[in-house]
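What follows is subunit A paired twice: with subunit B in the first complex and subunit C in the second.
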Partner chain A sequence: MNKGIPFRQRATPYAFIAPGLLLLATFFTYPLLDTFWLSLHRYNIFHPPVWVGLDNFRRAFGDELFWRVTANTLLYAAMVVPALVVVSFILALLVNATIRGIRIFRTAYYIPVVTSIVVAGIAWKWLYNSDGLINALLRGFGIAGPSWLADTRGVPAALLNFIGLEVTSGWFSEPCIALASVAMVTIWKASPYYMIIYLAGLQGIPPQLEEAARVDGAGWWRIVRHITIPSIQPYTLVVSIIATIGALRTFGEVYVMTSGGPFHRTNLLAYYIYTLGFKYLEVGYAAAVSLLLLVLILVFAIINFRVAGGDADK
Partner chain B sequence: MTPLEQQAWMGRLRLTGQYVALMAVGSVLLAPFAWLLATSLKSESADLFAYPPEWIPDPVVWGNFAKAWSILPFPLYIFNTFFIAITTVFLTLFLCSLTGYALARMRFRGRKVILYAVLATTMVPFQVLLIPLFIVTLRLGLVDSYAGVILPVAVNAFGIFLMRQAFTTIPIDLEDAARIDGCGDFTIYARIMLPLVKPAMATLAAFTFVAQWNDFLWPLVVLKSRDLYTLQLGLASLQGVFGVNWRYISAASIIALSPTIAFFLLTQRFFTRGLAAGAVKE
Partner chain C sequence: MRRSVLLPSLGSLCLAAALAFAPGCSGSNQDEDGKIVLEFWTIALGDAFADYINGMIADYEAQNPGIRVEWVDVSGGEVAEKFIAALVAGDPPDLANVYDLPRFLEYDVLSNLDSLVTDEERDRFLPGFWRGMGQYHGANYAIPFYASVNMMWYNKEIFAAAGLDPERPPTTMTEMLKMGRIIHERTGKYGVSWRLHPSLVGPPWVLLRQEGIWPLFNEDRSRTTINNPQALELFESWIDAYKHGAIPPEALAAASRDEVNWFIEGRAAMLPFSGGWITRYFDKSFEGKVGMTSHPRGALGLVPGTSQVLVVPRMSPHREEAVDFGLFVTSPRYQLEFCSYVAILPTTKEAAADPFFSQPPRNISDEANQISAADLPNSFVAAPPDTKSWSRMEDILYEEFAKAMGGQQSAQEALTRVERKWNHLLRFTAL
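Moving on to the complex of A and B:
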């Protein structure tokens, strides 16, 4: 089909994309393929790789720590994603007002997003200190706060204890206070990001819709429930997908605040992979765990599409 | 009260309520920074755990900043971070716009496939590739160098897609006119098209700069010598050095945070605009 077009002209587009694609091939495609290859080997960087077949995967499935860390990661996403959807939507409703100075509020709200995870982690570690600000404020209500980042008691069990119920059942032991405290930091840091996505959605809703509802006598909540929320369904899909991938790859919060402790209760897959690769030099095993994380991410992305995408079709 | 007065009064009440809610939520979101700042300004003799919490230190002292500055080589770290961030911005702008331009405005075999492949890369997070990426960087001899930090992140799907979307909106007539005038492909791209997508370039530059300024995991893995450390690496290494002196750690955190906030306040309109554009098109 390209006959008659000079070579130079046919080659031009490829010359344009070559530098960018070369970097992507070197630093994305090759490492991705290498992950598969490495996952089938035992390798510690200093000695040549040894073929071990599927041993690394077998090892993962038999590794209690792997299951602990995977459970943590799922619990973490289960806390962070719904909270982000709700909190960022509420923030967006709040800053969608057309009143004087609203831009200042939007900018101020966004500051946690542009804060580095190191600074954010340090700030929150300080707030969570057992004699820190949060516990000082709680003391004002006569509540003795826990040691937030080190407490392995389950959040449900602790809440039930607080209202005077003693529970021993394992059902109330997850997620633990330390993991929930780490999740809180992610929610704080990421919610204004999704707020901006929701804000774009809110501003795309035709004002006539809300006006018509108001004329019909609908109150604030009915408008939100029956007009706003259905209208921004596609944005909820985007938010939940990005938030899920974000939650499953959390690293900095763990590195800066807890190093995965206590007893691996805040150890998440991305941090586990990092320690396997760079602390224990278990490169092959780390690659296998990386692939399992990738599978997890893809499964959740598909579920998100199915759930949110299916609703949008109606 | 007449009905009209009543209505005006209700409106004012609602407006006040809105401001109160906005301020309350804002205070909660920014409280961690306020507390960090308060801690950094407290004297050695002040009780950090005083009850009730002391939000405004008495006396206000600046000595913690001097102490933090003397313990960490901040000028070196700031230079490293700035150099890495700025170089990445220019590389990203050039490479993503070049690729995005071809994908938007040129017809060639494999264009659709390449576009989808680029978009698919967003499904594989950096953390999954961390270890093989380190091995590639090691084999290329780039570990513990600026290039090792910059090159792996210089091109990304977000940038390519953002530039592609921007180039797509430019009318074809402009290109035809330039071609009739005898401009070559690269000249059309560099002289005619690039100036027309300045807003998208500014958005990409702002995002890239902040992302690189704040990046932690990849520099942590790839930089070994302290001479090359970025601000974030230096700050993270502080926790051991200072033991538990929260005054110094807070002061150092404020030093590391201020340039980001200043940059963000100057460029914030690009952040909201870029995010909105990315989300709607997806």
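Moving on to the complex of A and C:
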């Protein structure tokens, strides 16, 4: 098929994509292959790697802490992803309004995204202190707030307790207040980013659709439900996939705010990998857990893709 | 057309070459004049101490014409990771101020200084500090750079509000926890600014050592001895203090330097901590409220101290020169000069005995430093046990202690679990 095309002409597109491919190979393919290679070795950085086959993976499956941290991570994603989809969609609806000064609101809402997680984490720690601003506000309503980042009571149990019901069942013990508090920071920080994605989607909806619906007597909610939400479904897919990947890889919030404590209740996989690799220098094991995290991310990306109808064209 | 094909390809090759050779671009071990180049790392001394460090280097180079010293100042939060990266790249500094020593000691990447330093030079140092942070299995791998000895900071205003005499701070650890409870009951403030997670000073194993519950392992380090009635009593007293508000609830999930912040924010009344350097965070109004005294004693009667250290990587091609420069840096003259710029303590006998530490204080920082200095002879270096996998063991201790503080298990259950998990690790990392 290419016989009639001179070599130089055939080579040109490859030459153009070569820099991109080289960067991809250097910063993605090589590290991935190297991680896989490391995962098959016991390696402490300072001494040559020792081949251990699949031992690191077997060790992970038998590691109580790995399972606990994985469960924390899944629970965290289960809190963060739906909240991000809903909150960022609502924010996008609000800033999509054509009112005076709306650009100021859009910029203001976006500030958390460009704020360093270290700065945001420290500020939130102050807010969350047992004698911090949040609890001071709650005290104004006669409520004694918890120590948000150190309280390991379950959120459902604490809420039931608040309305006077004592529960002891383990069913009400998750998610714990500390983990939910960390999740709140992620939601606060990331939702404006997804708001922008939704905003792009909302601005792409033909105004005629809404006008026709309005003429037919549809109210605000029916327009949102039957026109807006179906129209931005591809954007919901993008948001849910990126949010899931982001939630499963969360590191900064834990590093700055809790160091994984109290007793690993806020320890997430990315932080656990960091601890294994940089603190304990168990690089081979850290590489194996990294690959397991990669598999987890892939599985959830595929589930998201299927559930949100990303393969509807097939 | 040819140009359009060649340019991107050439660009790619250049990028690849740059990436491939970048790590190898750091300095060679000799300069163009044939002088030995020593790379010297410090932690976050920055511009404030540049004149002091550069002056010291100039003096050393004048005395040693065949050597040139390259000074690199590394930011505090990254030094251990950068040191690891430099070791892995095969291009470590020749002399470095690093922390988190246990992992470097465990993996045998530092020079044993006992064979590189003469007895006479060794005798210059305060004995506890020479065999301090860098001790591992009977040998010493670090030159003590400068020291700090813990003292007690307290907020007189909170003491007065709690009905306690601001001129009578606690003198024992037991009294400190008792006063902490009283302060919380009467003012709602927390008594002791302390956090469980790895802290600069005062982690649970240091509390054990202060009470004389030491060593934590049997002689051949095959089993732990931590599960004993004295340790149980100590754990129970701290758990009880936590449950009664003597310690902030965030102590279980706090990060670096939080305990200093809580004290300065006025949330907690007492801060058992190191010396005068934290005064840089005080404002004038806070200085008026602050009281200072020596650190409360445990059963051992000694105060925890620590030291910054200089290490020489085994793979340095100029280990002897690096040690010589390290001893120059820590000589009494330069230690004293350093102490005159910042609230730190010396690690050599001659410098520690200097009248500088008994002169009238110029400011609150000097005053604090003198309180610390007075306890130099009564201090022990809070060096972690020289046991393999100590980082993991330390985390296990924190986790189980935290669970007990959080009411998830009793102190006895915590100790039993620590004992079981530590013994399991010891079995698998047998020496």
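What we mean here is this: the second predicted complex is superposed on the first by the 285 of 314 C-alpha atoms of A that agree within 3 Å, B and C clash if a C-alpha of one lies under 4 Å from a C-alpha of the other, contacts with A are read in each partner's own complex, and residues count from 1 in each chain.
Criterion: a residue touches a chain if its C-beta (ideal position, glycine included) is under 8 Å from a C-beta of that chain, and two chains touch if they have at least 3 such contacts.
These numbers were taken from a predicted model, which means no experiment stands behind them.
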Partner chain(s) touched by A:Ile111 [first = subunit B, second = subunit C, both, neither]: first
Touched partner set for A:Val52, first subunit B, second subunit C, both or neither: neither
First (subunit B), second (subunit C), both or neither touched by A:Asn44: second
Touching partner for A:Tyr193 - first (subunit B), second (subunit C), both, neither: first
Which of subunit B and subunit C A:Ala157 touches, first, second, both or neither: neither
Which of subunit B and subunit C A:Val95 touches, first, second, both or neither: first
Which superposed partner A:Ala123 touches (first subunit B, second subunit C, both, neither): first
Subunit B versus subunit C as contact partner of A:Thr12, first or second or both or neither: both
Between subunit B and subunit C, more extensive residue contact with subunit A: B
Partner chain(s) touched by A:Tyr280 [first = subunit B, second = subunit C, both, neither]: second
Common interface positions of subunit A, toward subunit B and toward subunit C: 12, 16, 19, 23, 26, 45, 129, 131, 255-256, 278
Complex contact set, residues of subunit A against subunit C: 8-9, 11-12, 15-16, 18-19, 22-23, 26, 44-47, 125, 129-131, 147, 149-152, 178, 255-259, 261-264, 266, 275, 278-281
Interfacial residue positions of subunit C with respect to subunit A in the complex: 1-2, 4-6, 8-9, 11-12, 15-16, 19, 81, 84, 87-88, 103, 107-109, 188, 196-197, 248-255, 258, 267, 389, 391-392, 395, 398-400, 402-403, 406, 408
Sites on subunit B touched by subunit A in the complex: 15, 18-19, 21-22, 25-26, 29-33, 35-36, 39, 49, 51-53, 95-96, 98-99, 101-103, 106-109, 111, 114, 118, 121, 123-136, 138, 140, 151-155, 160, 185, 189, 210, 213-214, 216-217, 220-221, 231-232, 235-236, 239, 246, 249-250, 253, 256-257, 260-261, 264-265, 268, 271-272, 275-276, 279-280, 282
Residues of subunit A touching subunit B in the complex: 2, 10, 12-14, 16-17, 19-21, 23-24, 26-28, 30-32, 34-35, 38, 45, 91, 94-95, 97, 99, 102, 105-112, 114-120, 122-124, 126-127, 129, 131-133, 136-137, 139-140, 188, 192-193, 196-197, 199-201, 204, 235, 238, 245, 248-249, 251-252, 255-256, 269-270, 273-274, 277-278, 283, 286-287, 290-291, 293-294, 297-298, 301
